[in-house]
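So that you can tell them apart, the chains are marked A, B, C and D in the order they are listed, and the count of residues begins at 1 in each.
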Amino acid sequence: MKQSEALLTLPTKTPAQASMKALVYHGPGRRSWEEKPRPTVRDATDAVVRVTTATICGTDLHILKGDVPTVSDGRILGHEGIGVVEETGAAVAGFKRGDRVLISCITSCGKCDFCKKGMYSHCRGGGWVLGHKIDGTQAEYVRIPHADTSLYRLPPGVDEEALVMLSDIFPTGFECGVLNGQVKPGDTVAIVGAGPIGLATLLTAQFYSPAELVMVDLDPNRLAVARTLGATQLVDGRDGKAVDKVMELSAGAGVDVAIEAVGIPSTFDVCQKIVAPGGRIANVGVHGKPVSLELERLWAHNITLTTRLVDTVSTPMLLKLVQSGRLQPQKLVTHRFGLGDVMRAYDVFGNAAREQALKVVLKSA
Amino acid sequence: MKQSEALLTLPTKTPAQASMKALVYHGPGRRSWEEKPRPTVRDATDAVVRVTTATICGTDLHILKGDVPTVSDGRILGHEGIGVVEETGAAVAGFKRGDRVLISCITSCGKCDFCKKGMYSHCRGGGWVLGHKIDGTQAEYVRIPHADTSLYRLPPGVDEEALVMLSDIFPTGFECGVLNGQVKPGDTVAIVGAGPIGLATLLTAQFYSPAELVMVDLDPNRLAVARTLGATQLVDGRDGKAVDKVMELSAGAGVDVAIEAVGIPSTFDVCQKIVAPGGRIANVGVHGKPVSLELERLWAHNITLTTRLVDTVSTPMLLKLVQSGRLQPQKLVTHRFGLGDVMRAYDVFGNAAREQALKVVLKSA
Amino acid sequence: MKQSEALLTLPTKTPAQASMKALVYHGPGRRSWEEKPRPTVRDATDAVVRVTTATICGTDLHILKGDVPTVSDGRILGHEGIGVVEETGAAVAGFKRGDRVLISCITSCGKCDFCKKGMYSHCRGGGWVLGHKIDGTQAEYVRIPHADTSLYRLPPGVDEEALVMLSDIFPTGFECGVLNGQVKPGDTVAIVGAGPIGLATLLTAQFYSPAELVMVDLDPNRLAVARTLGATQLVDGRDGKAVDKVMELSAGAGVDVAIEAVGIPSTFDVCQKIVAPGGRIANVGVHGKPVSLELERLWAHNITLTTRLVDTVSTPMLLKLVQSGRLQPQKLVTHRFGLGDVMRAYDVFGNAAREQALKVVLKSA
Amino acid sequence: MKQSEALLTLPTKTPAQASMKALVYHGPGRRSWEEKPRPTVRDATDAVVRVTTATICGTDLHILKGDVPTVSDGRILGHEGIGVVEETGAAVAGFKRGDRVLISCITSCGKCDFCKKGMYSHCRGGGWVLGHKIDGTQAEYVRIPHADTSLYRLPPGVDEEALVMLSDIFPTGFECGVLNGQVKPGDTVAIVGAGPIGLATLLTAQFYSPAELVMVDLDPNRLAVARTLGATQLVDGRDGKAVDKVMELSAGAGVDVAIEAVGIPSTFDVCQKIVAPGGRIANVGVHGKPVSLELERLWAHNITLTTRLVDTVSTPMLLKLVQSGRLQPQKLVTHRFGLGDVMRAYDVFGNAAREQALKVVLKSA
C-alpha cells in the first residue's frame, strides 16, 4: 500500500526512466526474467496495469518451441492476468487508477465491424496481441490498448486465483467448446483432451446440464481429475480404442457433441468418428497441420463443425457465475509461484504430466 | 378416367396380376424400361401412387455408375415425382384415392426420435429409400411407405412441372445450402457449382436477400443461366483461379457463406479458401472421398462447416412460395419427355453439358 | 399380476362387458369414484393402458370449480399417469402389450402441420384432450389415441413417482417457463408463484445455470421449499412490495427473466414491472381474465413476452435427465394415496396450503 | 473546397462565436427556425457534422404536441440526417474532417453492458438523445457524441435521399417489426399501419420472402402506396372489420406475424386477434397508454410478443442492401425542401394525410 501511495505522490518521476522485471522471449527455447522499461500510456485509449496475478498458457509453450513465428525476439510473454490500474489515457472512460481489473487475452477496439458483431478475436485493431504482437502480462506492468473494452472490473470478494482463469481458458473452453458445440440439457458430450482447456470445457459444459460428459485422454491422472470435476464417463485412449469405447458407451449412437481440445489430427479423427448424425464437432485445439475430413461419410450425417479463436464475449457472464459460486475455476490451479519465480514456474508447467500440473498461478509480492 | 373407375368397380381384381412399365437398374451401366408388377399396399401406412410427372436426379446417374452399392439389381429407380393416389392402407388418414400428391424424396415415419427432431433424412424406418432400397418413381406406379408423413397435397393451380422440382432439389439446395449456410440479408454468398442443385440453391438463397450472389463453375453456359437466375457475380474457374477471383470480388474479405454444390475435394477446397472469418461453409455435394481440411489455418477463423442429407422439412414452405409465385422452380426445366421415353431422357440428362440440360421432366401420357 | 394373466388367457372376454373404477366429474363441485366401462381400442392408432400411477393437477381443481366448460358431465378426469400397455390398435408400431409407459398430457397425431412444427399442444387431432374432451387417467384403465406419438417408454430403474411428474408439470415448467424465458447462464431469473408448476420451473431453470433464482410467493412454507430446491433469493409478497424487493435485490436493474406461474393479473403485473430492458416475461399460468400490459412504458424496453400451452417436446430430454440423476422430480411429491383413495387425495390437494401439499401421487394396488 | 480550406487554415476563429440556423422547440406547439451557436467538439469522442440532408420524423410531431416531456424548451429537433464531418475530437479514430456520414438516430458508446449486447437503444451514455436530450439534426451543424460508434461512412454512389431513410425508419421497421417478428420465408405477415414506419417495415419484410404481406390501414391512399411497395393484400379497416377481413384472407388460420405500427390500443387489439397459434406480435408503434392483453385466450396460443426501441444494429446491413440496389428507401420520399424551408416542411408533414406525405427530405443549399 505504501508503495502505491508513493507512486501516487511522485507523479513527476519520468515514466521512461522507470524499469520493471519481465519474462522475455529470445527465440526458440530461450526465455529470461530480465529488466525492461516500464510501459507507459502511448495512446489515449491505453491503460497501464500493475500485474498482481498472472498465469502461463499452453500457447506460451508453443511460442517457446518456435511454433508462433509472429512472436519476435524481445517480446514479453503472457496474455492472462489480473492487476491494478496504474495510469489511463485521456480517452479511457470506464477505469481509473486504482481499479482492480481482469485483463482479457483478447484486445478489442469495440468499434470495428468484427467487434460490433462480437467477434473481438478478429478485431481490426486488436485480437490476440498481448504477449504476441505487443508485450504481455508476465511482467510487473503491462500496457493494455483499448482499455475500456479489453479490461473487466473485478467483482468484490472473489479470489484473484479464481478470476485469472477467466483471462483465457474459461472463455476459450466455454465459447469454442460449449457454445459452439451447442451443448444442451440431456446431451451426451465427449471432450477429447483433459488438459487445462479440456477441463475448463468440462466445467462450463455443465452450465447446460448434459446427461453424460465423457472425457477422453491418455493420462490416467488427468482422467481422475476430470472425474472429480464432473465427468460421468472416462475413456483412456492409450490402447487406441477410444472410438470403440465411446461408441459402446453411447450404445452405438455416437455423441451429440464432440469437443476437440488437443489440436492434432488423431484427436480430431476421434471426434469425427464418434459424432452422431445431427451432432456437432467443436474444435478448441490449436492445430499445426491440416486434418482429413471424412466427407464421403459425413456429407449425409447432418453434422456441424465449428472453429473459433476465443472472443471473450462471455467474460461478463463468467464473472457473474464465479461471483455467485456456481463456477469455481480455481479448481484447476495446481501450483503457485511468486511472479519472480516465473522461470521455475515455466519448468513445472512445461513438464505438466510429470508434475501433475494443470494451471500454475504467478503472484506478485 | 375410365380406367380409374374400372379399378374402383373391380376391387376383386388381384393386384398381383396387374403390371406396369418401369425404369429398372440392372447393375452398373445397365438400365431398361420394362414390365414390372404393379405395386400394392403392403403396410397399413402405405399409399400407392400413379405417377403423372417424374424427373431424373444426378444421384440416379451415380447409381448407374455403380457408385451406390446399396442399390441392387432389379431396383426401379427414381425418388422424385408427382402423382395421383390410387390406393391407401388402413392407417393412412391424410390422403385418399384421387388426391394429387407430391412425393418427397425422403420417407419419414413421423414417430422415431430423428423424425421428432425434424431429421427425416435419418428416419429409422425411412430416409432416402425410394429408388434406392425400395422401388422408386420412374414407373407408372409407386408404393410410398408412411404416406401420411411422406406425401404432400398439391396446392391448386400450380403446374406439376414446377412442383416436381420440390421432391428433392429445391429442399436440398435450400436446407443443405441456404438454411445450413445461414444466409442473411446483406451477405456475400458464393455457390460453387452451377448444376441443378447449385441453381436451386441460387434461387432459394434469394429468399434471404443477400447483397451479392457469386456463382462459380467451369461451364460458361451454366454461368450464363446463373446470371438470369439472380447471380450478381460470375466466376469461371477454368483457369484454376477461382479463389483469387472471389477474393478480389470481395475486396479481400472473403465470403460470408460458401456453398459447396459439386462434391469433390477441389471444390471443397475453393470453399475453405474463400470463406471469411466468422463465415459458414455449407456442404451440399455428395462426396466420394475425404477432403483435406485446413485446420492449421481455420482453427482461428470462427467458421462453421455443415453437412446434411436433405430432410424435406421445408417442403410445406416451398409449396407456399411456389403457390404465391415467389419461387419459380420450373425455370430449371430444360427438357421434357413422355414417361415412356425415359431411356432417351437418361441419355440427354447423362450428357448434360453437351445437351445444355438442367432438369428433364417425364410426364405420363 | 394374477389379474393380468387372467386377461392374457381370456382374450375372448368381450371388452365391452369389462368394467373399472374411475374418478368421474359430474358438474361443478361434484366428483365420484365409480364404476365405468373399461375402455377398449377404438381407432387403429389407440392403445389402452392400465394405470399404475397417476396424480392430480391444479387444472383438475379448476375443472371441478366449473372453470373449464369444455369438460362435460360424466368425464373421467386426469391427464397425468404411468401404466402398462394392455392392448394396442393395428397401426401402433412402437408399443406392445406389457410395455411400461409414460402418458403425456398432450396427445399428438405426429402428422398435422402443428405436430410437424413441434406444436403438439395444437395438434389438429389431439392437444390437451385427456381428462378434458375424452376420458382421462384417474382410472384403472385409459384409452390413449395416437399412442405412438403420445406415449413414452420408461427408462429402466427409475421410480414411477419421479416419472409421473413428467406427464405434465415438468414439461410445462420447462417449456413454458424456462425455454420460452430463454434462461441463460448468468441470468437473474424471478419465478412468481411457488406452487408445483413454479417449483418445477425452479428445478428445470437450473439446467441453464442462472446466477440468481428469485422465488416470489405469499406462502412462507412454499418459499422455504423453494430454498431447498435451489432458489437463491426468496421474496414474500404478502406486504404488496414484491416489486420493490425484487428491484432492490437486482440493484435496480430488474431481472433478465420473469416467469409468471400463477395466472392472475396481479402476478402478471409483478412480472412486467420487474423485467429489465432486454428481458423476457414467460407466462406459464392459466389465466381467466385479460391483463393490462403497460405498453406506454414497455414499447421501448426491448422485452419479449411469451405464452404457451405445453407441447411436451421436451419429454425425451427430461426422461434422460431423470435417468442420469440430474433431475429429481420426486422432490415435489408430498403425499401418496392408493388409486382407490383418490377422493381423499382430492380433499388434501384441494387444501394444498393447509396440508402443505405439492404433488399427490396415486398408486394402483 | 475553398471554404473548407479556409476553415482549415483559420483554427484560431473562436468556435463559440460562430452561429448557424436551426429548428428550435419552444414548448408545445411552438417551433422556430432561428439563429443558434454552432456546436463544437466538447468531448474527445465527439464529432461535429455539417448537415447536408435531414428529414422529419413522426416523433418530432409528438414532441411538438408536448407528448415527450423530456424535451425542453430551446432544444434543436431532429434525429435523422446525413452530413460531412467538420471537426473531430481527439479520441475519434474512424472519421476525419471531410468524411460523408450517416447519422444514426441512436447514439452508442460501444463500451457499456447494453452496447456490448447490441442494445444500443439502452446505451448508458447514449440511446435516443439527438433532438431529445441534446441538440439534433434539423440544423446546419450538429454535435454527435461517441462519433466512432454512432456514425456510418456512406457507400459511394448512393443518393443521400435514399440513405437518410437509414437514420431511423428503416432500422426501426426492420429491427422492431421484421427481426423481432421473425419473418420467415412462406409466412403470412400483417402490418397494421401504413405510415412511413409501416411502409419501411413492408419493404424490409420482403428481405425474408413471406408468402403474403397484408397491409391494414384506414387511408386508401396509403393502402394504394402499400400495393406498389409489395403488399399482396390490402385491408381497409374503416368499417371496423379489419379482424374479420384478415381472418378471412388467411382462411381462418390467422397470421404468422402481426406487426403493430401505429401505437394505439385499437391497432394493438387487431394484432392480438389475428395472430395464429405459434405466431408473433411485433410492436413497432410508440404507445401512450396501456393495452388490454387477452391472456385468458392467448395463454394457450404459444405466441410471442415483442417490444423494442430501435438499436440500429442493422444499419451496416441496410447500407449494403441499398448499395446493391436490393433496397430502395427513397420510394418513401414524397416531398423535398431546402433546409431553410423546414418550417413549411413541418406544415406539410403535419398534415400528412391531406398532403399525401410520407417522408419529407430537407436538403442544405
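Note that in this section a contact is a pair of C-beta atoms (placed from the backbone, for glycine too) under 8 Å apart; a residue touches a chain by one contact, two chains touch by 3 or more.
Because the structure is a prediction, the values reported are computed rather than measured.
Asker: In this assembly, which chains make contact with chain A and also with chain B?
Answerer: C, D
Asker: Which pair wins on C-beta contacts, C-D or B-D?
Answerer: Higher contact count goes to C-D.
Asker: Nearest whole angstrom, what separates the Cα centre of chain A from the Cα centre of chain D?
Answerer: Centre separation, chain A to chain D: 42 Å.
Asker: Could you work out how far the Cα centre of chain B sits from that of chain D, in whole Å?
Answerer: Chain centres of chain B and chain D, defined by C-alpha means, are spaced 43 Å apart.
Asker: Considering chain D alone, which of its residues make contact with at least two other chains?
Answerer: In chain D, residues 316 touch at least two other chains, as defined above.
Asker: Provide the residue numbers of chain D that touch chain C in the complex, in ascending order.
Answerer: Those residues of chain D that touch chain C are 114, 117, 119, 121-122, 263, 268, 277-278, 283, 285-296, 298-309, 311.
Asker: Which chain D residues qualify as touching chain B in the complex?
Answerer: Of all residues in chain D, those touching chain B are 184-186, 206-209, 211-212, 232, 316-318, 320-321, 323-324, 326.
Asker: State the interface residues of chain A toward chain D in the complex, per the touch definition above.
Answerer: 44-45, 90-91, 93-94, 109-111, 113, 115-116, 118, 125, 148-149, 313, 316
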